[in-house]
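Take a look at these structures.
Both complexes below contain chain A, partnered by chain B and then by chain C.
Now for the complex of A and B:
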């Protein structure tokens, strides 16, 4: 028991060090700006729990982050560097919206699963393409996922601006999806999306799938050494592709749940780089599903806390963007270094 | 006359993309996929406006932009080469740091999160109007282009000569092609990679300076709007070869120039803007596919049938 506890401590030492170092640098910055750095930091980290409505917003923020991070976990475990979370998220969100709007006359019992599955499928397709290209032709997946992000964002921009745009609203937003297919709020926490529960369940399910099933073991084997796995009889290429489909599907689900549970429509700017932040969370958690849930919660706390911090003190909320950059720079340095020594 | 206008517009659109493409190319030859070009461009664009507006000197703004971009590139080099961080993650970190840092400074020190517009901004040197009118069509297209456009055009043969006709350039390529072989030949890999990143920073700095200083004279938080990635796409499409990369960058610049005009034909601009990225994916896939076909084991044909 103590041995496994030590293992856990050793595993989280590097990411925790990166987080603490980043927070320390941030504190120095904040102290140079405001006379109340402690107050600013309290708001940044804990204002999410001041009221039930703050808490609800926090859960809403954590939902897409968790799901995208889980997707990245699957991809990384299969040896694919999936930078495409943003594109997969947008594909899911726009597809759910389009289906919701186009099928507004359908009964909810048909439309809801259709919209949800459509979103998941769209994300999965966007994940499938780089997976196949990587495994079959060895096309670098970083490039394809990066490029696909921009392609998908341009497609959604066209749809949101020219095709399903709500002409009565300001900005590039679509018409609302019918209220009958809105996701019910979470029990006990009004205004929080019940999508969060889905994310939590999926985090634990991902752990079971990756570490307690044959399929998960094969995915990890394929990710560690594709040719070796192939040689020992594991259908590694297929596992990698499926893992990318799962990764895209999870990110697509994130977009879908956002539309059904929070936004109720597609907004071109709904994501503050969720794709990249989700990737950050997954890497910080060292591609562990439960860890990814924890880091996603931490990041949601920071993202929303920054807004409260800006209101109570005069520290700009973009401090968080700055800190994210620092964290990403620092954490990878630790991550790879630690991995090499192990 | 309209041909001249189109040519001028293509030149203007291509220059930052070309510089970004060369920036990505030089690191690609050292086996680094440089996703940080976008961030370095953004930091340079901001510095150009901030320093140029503050000092009233275009030269100082220009030089400061390049210095900042090189500093960012060396931060990336430090973290990846010294602390063995992953190039992709650290590169994305540089992008986030540049975007977050510029926004933070805008909010904190300029109190204008929307952007930075100095009331007066010094002009960078442009080719005087009328000086090239004797050359038909092409001459007028170059008139009123900034000096950075000329530098960008010069950078193409320079990068070619550097990569293929200098010892340093061959060492850099050797470091990128086979690390172990290069190391045993006495090439210092880390130094070569750091150098390629520094050159990349220089070129990305030029690209950022051009974006901010040429015509606009202001800075917006999302000013680079993916040009760094288009440059990366051009490099990948061009296979990391100077002339092919240049051709791809100019082609993509041409699409950009065309993008605004194509709406006349009822083609949404988004689909035109998409072309560089699609071209990069298809180009890479096609290249890999050809290699795949070549390396395919020979088919065993059943001759008795």
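Now for the complex of A and C:
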């Protein structure tokens, strides 16, 4: 028991050190900008917990990040550098919205699963395409996932502006989906989406699937050494494609849950680059599902905290971008050093 | 022996990389004009020692006396200035240039200081070739030469520097048996011209054939120096391993019963994208209880043959049967279910996932059969027990179930692969280059496992470019050349001469 606890401590020692160092350097920066560095930092880190509504916003922010990061974890474990989280997210969100609007006359018991599954399926399809191209034609997945992001974003933009646009509202937003299929809020936290619970459950489920099932072992075998996987009889190509379908499905679910639980409609700018931030979360967690949940929570805290900080002091919220870059830098520096010693 | 006869003397050489000692204490005296073999297992420190002599590494301790003077060899250029010439295992020639150009690369004879004097260069190359009797055309492009000829160009490169002491690092690793014989002739010639040769090898047969004296290195220490004539191969092997070595042979057990064919190939043909035939109408059978060895120089279709049998590369024509069943287009799991065990030639490529744990590597392809899955989840306790059993049974050193497979040494990785594939008690064991990079101790273990499998009744298809193990293990020997099976010999009829001729594509001479 103590031994495994030590193992855990050893595993998280480096990322925790990187985070602390980042925050320390950030504090020096803040101190050079404002007269109230302590206040600014307090808001950055703790304003999320000042009120129940702040806490709810924090959970709402963490939900899509967690799900996208989990998707990226699946893709990475299968050896695919999936940069397509944003496109998969948007595909899920727009599909759920379209189904929700088009099926408004249907009973909720039919429409809700239809809208949810439709969103998941749309994300899965957007993940499936680069998976197949990679496996069958050896097309680089970074290129295909990035390009698909643009394609999906432009399609959603056209739909949101031309087809399902709410003409009574300002900006590129769709009509609302029927209230009957809105997700109930989380117990005890009225304004938080219960989608967060889904994300937490899926984080643990992902860990089980990846590390405690034969299928997970085969995905990881394919991801770490495709030729080894083939030789041991793993249908490696199929595993890689399936992992990408799961990755896309999780990001699609993120979009779907956002529409059903938070936005209740499609908003063209609902994502502050969740795809990229989710990718960073997954990488910082060293593609571990539970770790991805932790890093997603940390990022959600920083993203929202930065807004509170900007309101209460004169420190611009873009400080968070700087801290993010710094954190990635420190984490990478650590990895390179470890690699050289190995 | 007086001091004047000693060209090179090493005293207590040690070298560590970080905390890891590669050499602990090496003493070595090389007499002028002798052929001195440095012999040791993989990892014993031979290469480190040679790299110190070549100026690539600096020793951490010890003295280096060359021609009676204590020297330090700062870099490879200093080494050649001191008269030490090194011929590396991997050649450093420019294929498009001629033999003469390669020999004088970077130091061509000059005319008017800047113009390269091609005529003088060819003449000097021809003179060198004639002096050592090397039978090379100085104006032939290197790409047209055989491996053995290229090696001689490398040796000439060193001699053109007036190397007194020539170091050959595992020179026979890339050669066919006839080429090895030629090289031994070349080394004899060098000795008669008064050159001193330091010859690195771990092959015992060569030690006896080539050397005047032999020094054995074990775990970074020089453990013995003998006059070669005074010792047997077994003596040298004992020094290398530190204990008596049981050199297994096929003849040892008489209990094997040869049964029906477990594998039958009929005119199997594989072509690459360019239309070149990688396998050309290959037909043979492997019968239950026998070891069928495939000999050949690397790259003559052995890899493709293994991939075709394992189901990893499609064949364009011909059939592959496991027993009675046509498996030509069957999937890998179907072949495994039909009794195939496959130990690939490169454990890092197809054999293992080095970042995954020992347990997961040994369990791959065995989850179902070994009952490791309970209620859809991999039982961690069963997985650990299973891995522990295999680690013990196959003596995988330095392994815990959770250790990443990449942390193991080459020999222990190989044991892991073999443990996984033998777990299914295969009726057909396809095993490729089973001891590549392994030391004697590990090789011994692997050989025993192969013979055990055959004794149990499995048909074994052994593919190896190491002729000694083909001869030691096989009941029948097939020889591959340029994608074709040149012939199949019974072990009793096969000798290195006949197999060697077939390996070079000479079917006619062999008949």
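The definition used in the following text is that the second predicted complex is superposed on the first by the 325 of 342 C-alpha atoms of A that agree within 3 Å, B and C clash if a C-alpha of one lies under 4 Å from a C-alpha of the other, contacts with A are read in each partner's own complex, and residues count from 1 in each chain.
The definition used in the following text is that a residue touches a chain if its C-beta (ideal position, glycine included) is under 8 Å from a C-beta of that chain, and two chains touch if they have at least 3 such contacts.
The structure presented is a predicted model; accordingly, all values stated were derived computationally and were not measured.
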Which of chain B and chain C A:197 touches, first, second, both or neither: neither
Per-residue touch tally on chain A - higher for chain B or for chain C: B
Partner chain(s) touched by A:228 [first = chain B, second = chain C, both, neither]: second
Touching partner for A:25 - first (chain B), second (chain C), both, neither: neither
Partner chain in contact with A:133 - chain B first, chain C second, else both or neither: first
First (chain B), second (chain C), both or neither touched by A:157: first
Partner chain in contact with A:189 - chain B first, chain C second, else both or neither: neither
Partner chain in contact with A:321 - chain B first, chain C second, else both or neither: first
Touching both chain C and chain B, counted on chain A across the two superposed complexes: none
In the complex with chain C, residue positions of chain A that touch it: 208, 212-214, 217, 220-221, 224-225, 227-235
Residues on chain B engaged by chain A in the complex (per definition of touch): 33, 35, 75, 79, 83-86, 88-90, 92-101, 103-104, 106-108, 113, 226, 229, 232-233, 236, 268, 270-271, 273-274, 277-278, 280-281, 284-285, 288-289, 292
Residues of chain A defined as touching chain B within the complex: 33, 81, 83, 133, 136-140, 142-144, 146-148, 150-151, 154-155, 157-158, 162, 273, 276, 279, 283, 316-329, 331-337, 340
Chain C - residues contacting chain A, complex: 310, 312, 331-333, 335-336, 342, 344, 349-356, 360, 363-365, 367, 373, 376-378, 380, 420
